[in-house]
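Take a look at this one; I'll ask things after.
Chains here go by letter, A, B, C, D and E, matching the order in which they are written, and residues are numbered from 1 within each.
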Amino acid sequence: MEFNQLLPLLLEGIKETLYMTVLSTVFSYLLGIPVGVILFITDKNGVWECKPINMILGIIVNLARSIPFIILLVAILPFTKAVVGTTIGSNATIVPLVVAAAPFIARMVQSSLKEVDAGVIEAALAMGSSPLQIIWNVLLPEARPSLMIGCTIAITTILGYSAMAGFVGGGGLGAIAVNYGYYRYQTNIMFITVALLVIIVQIFQEIGMKLANKTDKRIKNS
Amino acid sequence: MEFNQLLPLLLEGIKETLYMTVLSTVFSYLLGIPVGVILFITDKNGVWECKPINMILGIIVNLARSIPFIILLVAILPFTKAVVGTTIGSNATIVPLVVAAAPFIARMVQSSLKEVDAGVIEAALAMGSSPLQIIWNVLLPEARPSLMIGCTIAITTILGYSAMAGFVGGGGLGAIAVNYGYYRYQTNIMFITVALLVIIVQIFQEIGMKLANKTDKRIKNS
Amino acid sequence: GCSKAEDKESDDKTIVVGAGITPHAEILEQVKDVLAQEGYTLEIVEYNDYVLPNTALNDGELDANYFQHQPYLDDFNQENKTNMVSAASIHFEPFGIYAGKTSSISDLAEGAKVAIPNDTSNEARALLLLEAQGLITLKKDAGLTATVLDIEENPLNLEIEEIEAAQIARALSDVDIACINGNYAIQGGLSVSDALAVESADSLAASTYANILAVNAGHENDEKIQALVKALQSEEVRKFIQDNYDGAVVPVF
Amino acid sequence: MIRIENVSKAFQTSKDEIKAVSHINLTIEDGSIFGIIGLSGAGKSTLVRCINLLERPTKGKIFLNNIELTALPPKQLRKEREKIGMIFQQFNLLEQRNAIRNVCYPLEIAGVSKKEAMIKAEKLLKLVGLEDRMNNYPSQLSGGQKQRVAIARALATDPQVLLCDEATSALDPNTTRSILDLLKSINESMGVTIVVITHEMKVVEQICNRVAVLDQGCVVETGEVKDIFLSPKSRIAQELILPKNKGIASLQGKRIVRLAFDGQSSFEPVIANLVLKCQTMVNILGASTEDVGGKAFGQMLLQLPDDELAIARVKNYLDSIGINYEESDVNGI
Amino acid sequence: MIRIENVSKAFQTSKDEIKAVSHINLTIEDGSIFGIIGLSGAGKSTLVRCINLLERPTKGKIFLNNIELTALPPKQLRKEREKIGMIFQQFNLLEQRNAIRNVCYPLEIAGVSKKEAMIKAEKLLKLVGLEDRMNNYPSQLSGGQKQRVAIARALATDPQVLLCDEATSALDPNTTRSILDLLKSINESMGVTIVVITHEMKVVEQICNRVAVLDQGCVVETGEVKDIFLSPKSRIAQELILPKNKGIASLQGKRIVRLAFDGQSSFEPVIANLVLKCQTMVNILGASTEDVGGKAFGQMLLQLPDDELAIARVKNYLDSIGINYEESDVNGI
């Protein structure tokens, strides 16, 4: 393929990759954080201990995480159609990406919250905080650095998954890499797209870690 | 498909899924833990701060994480062949699974280690511990609960990836679900395999969380 | 997003076609300019999957798709209670048996490894080709959806490995022989002439497995579909196929 | 009024059960400052944590103003907890909030507007001497500074009850004194009930009305500070309260008397007068007295002469000027 | 010998720079017990953390036995650090190790076999009174118990130097006393140099030889404990050391003398003799004395009569029995 053909393809690929990845991450977090928080607070010794909810939610999360992505994608087609009005293209990729990533993120969030110092939660309880206030004012802010690192990990994972966009005719660098590099044996295009992917990941990673470190007030800036 | 055909298929599938997932997880951790530890200790304010190593390793990790799995799989075929002597079958799936999962795990490990109390590391430093002693006696044991939860998250992610085993003629429940349920519309087989996957994930999850909670000595067992 | 999809459907000048990546999308690329001169915009949606292009067509997201053969479409229609039909046959990809560790079919030893594709249509086709070579026999009713589970007799106890179609060429050195789609064989550095056995262009397989342009029933005579068919079945396309695919893709018009 | 009724708390460990507090009955009157003392590990923290149910007692009931906390559903319990401030032994500050926002936290959850909360928090931080460190995060503060933030935080919502678990343990004597003055003044001006765990007997002497002595999870002694500090009955209380005079084996058989000053004017030269009037030698074995607002507080250990007559004179004199004293046995102290 | 040469440490915060310690010069002799006192936030912890380079000084040098720690490469620094035990203000115990394994940690990294380490750790935990809590994790221990584990851990490797940052702040007086005895005895028997940060002046009086007073990051006074405690020059030292006598405005113009007992026998009835011999009235305004092993330690504030002659007699008498005293100004205390 010639350069003047390749360039627009790659530019389009970058745009779509960013579009899918960022939107999917945002929506996954909108869904994943509440689920993760509920998993944490309803767990044993949680501030709102509730065995049944914890178990049911846990199973739902595991369910969504066990289904192979391609099967999930097909299974929720009607849902995808209802949400974004189409079953092809990048928008149609976002829906299954979110459904697949949200439970993963829920588990990451749950893990971050588990690291919040029990003494601090106790102090908040002693002041008469409600579970909601504890979530909002203690758990999430105190776990912020860890949540941010989790987000950095998640966004890269989602970016990886977005390569499967090709399945639904979506685009993005991942799909280009697979379609040209894997199916068409055009290694040079594959190299370029992979290099672009690495750069994007590197940028996300740097930003994520910087933010996490910068907002982490436990770190002594000496 | 009849039952007497299905049963051995499923049993084989379970066996291969467990085989691939467990082995991949073990090897990914063998690789991911040292990498994650090095990422952590060579970072700014780390016990063995070293900007160049940190940067280079970070880029390598990001590189491996950016490459779409299917391309990774192809790219390392010669390596796979060198390691397991073949490029097809479950064993050939394990190699790319490890290469794909290890950097993910490295990031998870790095994130867990970041949560270790700086005061404790300081105390160890004050006693004249070497970086290796700090890693071995402080960082890893203190982060153990968080590492275990990370492992639970990772094993499920790897199990999800193992559904791609079908690409190289590997087996496992994921591949069965895709090949029979998805391509051949045998929804009943799909349901059964997905149910089995859910059960396996559920078991891993329960064991992981139990172990993490049980070994977490910060938790008051009241 | 909602309105956009409906615009596409109602728009008489835009043709949205779902296509397999190679060679389908590449062949479609060749007719973009011709159609443009006639006032049509051709939008190609690439799929590396065999199910979603059909569901999308059935949903009206696509005007046509081009990736499958008639038997697969029939099977899909039956399983999913859909009603899609062929508007035209375009090309045929001869399937071949290629040598891996073992250099001829007659040399195959007991327990030899045979790689075949793992997707429905290609797997069945590969098994049928093996049966035609007298290596195995399949159950009577297996037909075009045959899987390894349908093998009745396997005198050499061949070990059948199901692998992603595009992957087989890369794994050739690990098996004794492999059944490979023509286009993947070529892209993998093989040549159709090296094949130990091949479906010939005038065989029954050629007509059965010809790749078709599928549309929803009732639309086969739409103006834009007709324009697309005309463009695809042109001499330019024939020449393109013959020049570029080295016998791995054969025009059937 | 806080009523602790037959409260026990046991912790399960892998090996055995640890009875941190057992069968405790205590009543803490409104507006009083109640001290809790005991050896390390006696169960002081656990008992106080039982009061606001951070630790659910394994047995027994807790009442606050005749409401049984142990029987309340979560929501009401939260309402009651808002009335109870607590200073933790380990501070438990929010690591990701700076000092002033830590103090704002209880105000925010009580629904006070952000602006008002900031004003109040600023005032409190000034009170504890941290006006110039308000924007620092806990990791940037010294031990004592963190403790003072925790104190300000506990006072933010003007609680009815204040639980202080070693609230001045990380503070120097000066800061301690000003914090104690602060506690005393809010106790007097607003009638706040204060429960003080401390290992500094001076703190108890200076601000507490009543005191309970814990030993191995049990209350071994409780009462007015001046009574208990004058004549502690239990071995633990004696060990904690009385000045320790180790190695005075040679005093065996000698007569020793302990004077307790609980606010007598220190201008009246008690000892000098005693010596002059009784014309007898007394030796000050140990003393810990302090002049607070012109009044003497503390205690003094005198060794009396061997002469019975002289002793009688001394006692007479002490009686006549109204000083509490107690004859004590060297072995007992 | 620890030599601190012109050491400064500044912390960068988002807004400004905090000079935690500035231009400090100190020499701590081998085998001495060196106290560091100061208000909360004075820079005590920072200074001590600079000694073993947990905090890298922004300026200045640290020497241990004439080896410049600040110039050592990591490996040698580790070797030197093995000789320095440290007790942290916040304990910093390993949360996932039980008490005994926490004490074993420094032994393990020093290469002691696991078995020997356990024996040593057990012995140490017994010394600090935790023989029955050895298998408990830090989260299962009380504040004072954690502190004692930290003490045992710091002693495990028989360090040459021991840095104690408020090592007894969470302990009751009895336990404090036994820990101080322990420190004193290892100091005497093994010549360990001990640096003690504390806010309990009693601790300094009881175990320290020398003391440095920190204020806002600077050493404002340093010297022998008996000198500084007898006549503190700086305002901060006076505030910290002298018994606070607030509100004795009526004493204005009265003559006050402060006696410092640094080990005189308490059997010699100093005050009674003074009164009898000088036939004058003295008033004990405040006292803090203690009998340790038959010796009197501490100080006493006496109000003298207005009569100049009587005052001269008193001074003569004090001189004759060799008691250190100082006339002080009410305003100054």
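Everything that follows uses one rule, which is that a residue touches a chain if its C-beta (ideal position, glycine included) is under 8 Å from a C-beta of that chain, and two chains touch if they have at least 3 such contacts.
Just so you know, these numbers come straight off a predicted model, no measurement behind them.
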Contact-graph distance - origin chain A, target chain C: 1
Chain whose Cα centroid lies at the greatest distance from that of chain D: C
Geometric centre distance via CA averages, chain B-chain A, whole Å: 17
Chain B and chain C, separation of their C-alpha mean positions in angstrom: 36
Centre distance in Å when chain B and chain D are each reduced to the mean of their C-alpha atoms: 54
Computed distance of Cα centres, chain E from chain D, in Å: 23
Junction residues of chain B, two or more chains touched: 74, 145, 182, 218-220
Sequence positions of chain C contacting 2 or more other chains: 51
Shared interface positions of chain E, touching two or more other chains: 11, 13, 90, 140
Complex contacts: residues of chain D adjacent to chain E: 11, 13-15, 18, 37-41, 44-46, 89-90, 133, 135-136, 140-145, 147-148, 166, 169-177, 199-201, 239-240, 243-248, 250, 266-273, 275-276, 279-294, 296, 298, 300-301, 303
For the chain C and chain B complex, residues of the former touching the latter: 50-51, 79-80, 115, 118-120, 145, 147, 149, 161-164, 167, 170-171, 173-175
Complex contacts: residues of chain B adjacent to chain A: 44-45, 58-59, 62-63, 65-71, 74, 104, 107-108, 110-111, 114-115, 118, 145-146, 149-150, 152-153, 156-157, 159-160, 163, 174, 177-178, 181-182, 190, 194, 197-198, 200-202, 205, 212-213, 218-220
Residues of chain E touching chain B in the complex: 52, 54, 75, 77-86, 88, 90, 92-98, 105-106, 108-110, 137-140, 157
In the complex with chain C, residue positions of chain B that touch it: 1, 5, 9, 74, 77, 81, 86-89, 166-169, 175, 179, 182-185
